[in-house]
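Structures incoming, each one as structure tokens.
What follows is subunit A paired twice: with subunit B in the first complex and subunit C in the second.
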Partner chain A sequence: MGLGFVVGIIGGFLIAHAAFSTIQYRGELKIMEEQFTGPPFNAVIELLVGLGLCLWAGLAVPTKFLSILPHSDENRVVSLPANLDFMVFNHRGKVLPSNPDLKLKI
Partner chain B sequence: MVGSGGASASEAAQLARLEEQAAHGGGGAWEYLCLVRRLKARRPEPVLRLGLSLLNDSKARSKLGSEEWTLYEQVAIAAMDCQNIDVAKDCIGKLKKKFPESLRVGRLEGMLLEAKGAWAEAERAYAVLLENNPNDQLLHKRKIAMAKAQGNTTLAVDYLNKYLEIFMADHDAWRELAEIYVSLLMYKQAAFCYEELILAQPMVALYQISYADVLYTMGGMENIQTAKKYYSSALKLTGGKNTRALYGVCLCSGAINQLSKGRNKEEESSELQALAAEVLTKEYKRQAPAKVPIVTEMLKTMKLS
Partner chain C sequence: MATQDKRSDTSDFPEIVNTDNLQSNMKPIYYSRTFLSIIGGVIAGIWGFTGFTGFVFYFVVMLAASFGLAAKAKFSADSYFDSWNRVLLDGILGGLMSFVLFWTFAYDIVHIF
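And then the complex of A and B:
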């Protein structure tokens, strides 16, 4: 997970750097009084690489994802709850010996 | 709707694992107790043991903060289930000191009287509580449970029907009524209850299997055909893994073949029957290979009959 964090930080830094270099490029174009047609090629590559790294980190850093499909093996309901609202206490467990050590200390 | 869904396989496994771990002193007692409460599982012995170990340790108790009182309630109910009346009385005493005029504590006191077997006193206690809180669902349900505990099933059915007229959306009550009707052999009424449950929760395969069981028991060509449809639907919902539904399909097909022996054989999906038999044998080979010969014999006799 440490690696994922580092990769994510690097990706974020690359994106920020691409943004900063684009702004700088625009500033230079203003000095030379030319049109701003698009960011420089390097910045675009840097942006895409940063995007890829961040995506990878976003999937790798969290631990196991929970499944949302209702029919997947993990989510299938195998047993119903025991209907506790209608629980009765005079069952056959009454004759089992109860542990006399279990006491609540006040 | 999600609340009363029941436990999935992974949650049941997690519960068993936590129970094992806590039983051998590995910690995780509070986690286990929270999981039991969330899954609404009935495990009185471990809950009582682990809950008491937490409550008797003053350091652990103070760490719980306000959840301490929920734990007292959980341990009180588990103690009543284990017939450990003293522990239950002590826990309820503590709760009463903290929440003197509470309905929830009043209910617990009523349950304690039930556990002691003092039916008349419990009845009186619930009557007093119901006067002040006539719309409390759990009080009504305790009255029904008391009638059931005393063996007075007709009275329990009466009360349940009156309860369901008011609270029609209560799935637990419908389920309870269906089970009581089955125990009284009143299958048509049980089928009605299961129909209500399937309407309310169509994705729970277990209701459909129970419904199909009841229809198969009632017998008759139409009922068995409908039962076969519901077993197949349950198979679809469980990804073909439910052994009971597989058996249901095979037995229904066998029964239909027998009933329609003299009449014209409609082109029913004999594919379904063959497939179900195949999956059944495969499951047995995987899980209980010693019993495979019995299963193949039985399937052979059914296909011939």
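And then the complex of A and C:
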């Protein structure tokens, strides 16, 4: 997660640098009174590299996916995070039909 | 308490699904797509895209994001989501508005002011 942040920040810096160099380039074009056809070549490279880094960071930084299958190993125990005295286990008994109207015969 | 039943009619769908995890898996997708829409918008603005080209660029970025999300789910959406649509299509239209906002913002800063 730390690495992802660093990569994302580097990507952000590259994009910002490309923005600055494009602004400068436009200023020069205004002085020379030429048309703007596209940012300078190194700015384009910076944009693409920045896009790649941010793509990677944007996918790696958010938490990883948690399995939703009931029989995967990480879903065996469901417990309250604050109190480990109470543990609930995922088991196949949940699939059995249960009749909520059954009354306890005392 | 923490897990609930979710029954389904299709035979190959697991009858019990951990719905907590299912919902919490939506968050990384949403965050990733929003962040990448913003970054894509800034890049489109700096590059100077106007009109149709910009939207094409947005869909290219979203395609790359979908591929990345599918890879993050280890290409088996069934273990993390209830359908492939969630991985591949969710959040694209919402991100489009963020993209256009930052696209016009960056374009104005770089090319107009």
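Throughout what follows, the second predicted complex is superposed on the first by the 65 of 106 C-alpha atoms of A that agree within 3 Å, B and C clash if a C-alpha of one lies under 4 Å from a C-alpha of the other, contacts with A are read in each partner's own complex, and residues count from 1 in each chain.
As a convention for this text, a contact is a pair of C-beta atoms (placed from the backbone, for glycine too) under 8 Å apart; a residue touches a chain by one contact, two chains touch by 3 or more.
All values reported here derive from a predicted model rather than from experimental measurement.
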{"item": "First (subunit B), second (subunit C), both or neither touched by A:T63", "value": "second"}
{"item": "First (subunit B), second (subunit C), both or neither touched by A:S98", "value": "first"}
{"item": "First, second, both or neither for A:R26, with subunit B first and subunit C second", "value": "second"}
{"item": "Partner chain(s) touched by A:I15 [first = subunit B, second = subunit C, both, neither]", "value": "second"}
{"item": "Contacts of A:D85 with subunit B and subunit C, given as first, second, both or neither", "value": "first"}
{"item": "First (subunit B), second (subunit C), both or neither touched by A:V7", "value": "neither"}
{"item": "Subunit A residues contacted in one complex by subunit B, in the other by subunit C", "value": "70, 75, 78, 80, 88, 90, 94"}
{"item": "Complex contacts: residues of subunit A adjacent to subunit B", "value": "70-71, 73-90, 93-94, 96, 98-99, 102-106"}
{"item": "Subunit B residues within the subunit A interface of the complex", "value": "4-10, 12, 39-42, 44, 48-49, 52, 55-56, 75, 77, 79-84, 86-87, 90-91, 94, 111, 114-115, 117, 137-138, 141-142, 144-146, 148-149, 172, 175-176, 203-206, 237-239, 241"}
{"item": "Interface residues, subunit A side, partner subunit C - complex", "value": "11, 15, 18-19, 22-23, 26, 36, 38-39, 43-44, 47, 50-51, 54-56, 58-59, 62-70, 72, 75, 78, 80, 88, 90, 94-95"}
{"item": "Subunit A-facing residues of subunit C, complex", "value": "1-3, 5, 14-19, 21-22, 24-25, 27-28, 31-32, 35-36, 39-40, 42-43, 46-48, 61, 64-65, 68-69, 71-73, 78-82, 106, 109-111"}
